[in-house]
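Below is one structure; the comments refer to it alone.
The letters A, B and C name the chains in turn, as written, and every chain counts its residues from 1.
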């Protein structure tokens, strides 16, 4: 028996598993490579200063995406400004206040449920609730509020995770000095949230940037150029929605690819910053 | 009794660190050999070298000669998987797979190509009987093995090792995670198994070594200080360090 | 502690409680809105006729609102994406978790999270201009915008989360299991697939269920490549999903047609809740072991 080695059947099994693994990794990497190269090749030549700095004009027939860029910025700001206190606050409640296990379980279940709901449903309910019921009409702010609900679980989760790393002894130390609960929260807990909130913001920014289905019927697809304040109450397409409209409804593929290339670059930037901040926070925690 | 394992001038490095220095030992078949020594003395490392489990750790380099049945185990013609089938291993922490009891035992034979249900049934029953756990589990072979107690899990692991018909069983502190009752069951079992198998056991428990082993090897700081009949080594050790250790002066 | 301070602390507690309850409020709001706006059309059309009607002709003078084509398309599309995407994701995950060196693992994981970060409309765009014409040419069909195109796009879109969740599950398999298998004479590859994978099965199942949820909920990318016609599903037919049915008529619909769209959203929501329940089951299973 000794020395006759691995049987032929086993060798075939092992080899086929290896081949399947290599092939799968190759497929995954090639897909990514293809997307990057294809979108860059088709998109980057179409990016020009003119496109970036103008709005579409029926008179000249030119298309500019400045309004879409501004709308994206507006919606990003509005969403994050609203979702951070909500999400971080909920996380603080869960980790610092909630003593009733049932409530914690229900809130966490609700957050899980929210993160599983497809964005088209958010879009629909956002339209019914914010645009119609609260009479906000189709507007950036209605879109932003819809995205707030979508991103709530993300901010909650990342904040909760960073609060878990605040040592219990810090809180006890502060209480021991006679500090009230709020003072402990302000001096110990809130600083502990920062890492989580930043991580959550980066992840949410990625989602907001990529979102389209939830915005179609809440923020609409107008290309008007607005200042920041009238911008919130006016309808407007973000870059992703604009890409969809240009590609699907208008057949303007050049501009669609230009936007796609910009979105890819932004996604890359967000990815890198998520990775770098993640590494930075980890290192800081270990010291 | 002929020697089933022969080790000559064996050294082992972890990267730059020399963990074992010039080990020479011959281990007779169908007996129990105990490896004792303080933590970090290299006895577990030595044990794992015998079925080449150290191959899996990056940076490990071994020189010298380890022969199993007079064949160099590092020879290119030796199939490491076949070697590990012949030289089984039982670990410190019971580690049954998260599968049914039956599947745990059948895992090894299945891996080595036995597919017939009838044959597997026979092997499973025999292995469990040989490991003295059959009566406790025969009614729940389909139940998850993680539901067993720690002692039962360890005997299951021994049964799992027996199922591939090894010649040698390496045991790495098999009772250190167990209660006294389970420990004595494993000891009883080991004494019974040496009729058919060669057992090499790392242990921290010197009473255990005295109770069950035929030979004892004492390791210290990566060296094999003394090796001989258990009775002799514990009653009249020839090395001062051995004496210090077995009388509890350090370690 | 003086009285003022007590009141203040109570107020702070109250504020945080309200913030904590916002999530529950949101879920309730979504559920209530979907149910309230989804029921009327179902009532008017009839539940069976709505769910099992094979014809969706919302624009005709004698409209019929059967959503079986959408339901089946969503089910087939999701199943197709799972069949195509899960094996690739699964084998990639085993490779990353068990075989790859640290450097390779980090590199491929970066690539995978990049894939995850690409917006769905960008996938849709690439699908429209590469996949759709490709399918037309390869299979000699009149229009490449089809269920097949949607399946391929969905499979690619669920790939990153399948890989990530499975890799995490496989990474968490205790090394002791693998050592035991190797010590029995199994080769490393046999050990990965016969011990590590079964040990990580609930995590891998979670990955698949998450993938199902993502695939069934995706709207824009499928809208761009599936042709958006209310046909009963066929691999090379133009089809409409539950999600795209809602999206495609919302902007110009009114009356019963609009209400029927809300009913479709309700059906989609119920599918998602079912998937969530399955997910909860697997998560609990994992905590149990």
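The definition used in the following text is that a contact is a pair of C-beta atoms (placed from the backbone, for glycine too) under 8 Å apart; a residue touches a chain by one contact, two chains touch by 3 or more.
Keep in mind that what you see is a predicted model, and the values were worked out from it rather than measured.
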So which chain is farthest from chain B, going by the mean of the CA atoms in each chain? A
Strictly by count of touching C-beta pairs, the top pair is A-C
What's the distance between the Cα centroids of chain A and chain C, rounded to whole Å? 17
For the pair chain B and chain C, the C-alpha centroid-to-centroid distance in angstrom is 49
Nearest whole angstrom, what separates the Cα centre of chain A from the Cα centre of chain B? 53
Of all residues in chain B, the ones touching two or more other chains: 81-83, 86, 111-112
Counting only residues that touch at least two other chains, what does the list for chain A look like? 6, 10
Among all residues of chain C, which ones touch two or more of the remaining chains? 187, 190
Quick check: in the complex, which residue numbers of chain C touch chain A? 1, 5, 8-9, 12-13, 15-17, 19-24, 26-27, 29-30, 33-34, 37, 87-92, 94-96, 99-100, 108, 110-115, 117-126, 128-130, 156, 159, 163, 187, 189-190, 192-193, 213, 216-220, 223-224, 243, 246-247, 250-251, 261-262, 265, 268-269, 272-273, 275-276, 279-280
Given the complex with chain C, which residues does chain A contribute to the contact? 6, 10, 13-14, 17-18, 20-25, 27-29, 31-32, 35-36, 38-39, 42, 85-86, 89-90, 92-94, 96-98, 103, 106-107, 109-114, 116-125, 127-129, 149, 152-153, 156, 180-182, 185, 206, 209-213, 216-217, 240-241, 243-244, 247-248, 253, 256-257, 260, 263-264, 267-268, 270-271, 274-275
Which stretch or stretches of chain A touch chain B in the complex? 1-7, 9-10
Show which residues of chain B lie in contact with chain A when the two form their complex. 69, 71, 77-79, 81-83, 86, 111-113
List of chain B residues in touch with chain C within their complex: 51, 53, 56, 81-86, 88-89, 91, 93, 95-99, 107-108, 111-112, 146, 157, 160-161, 164
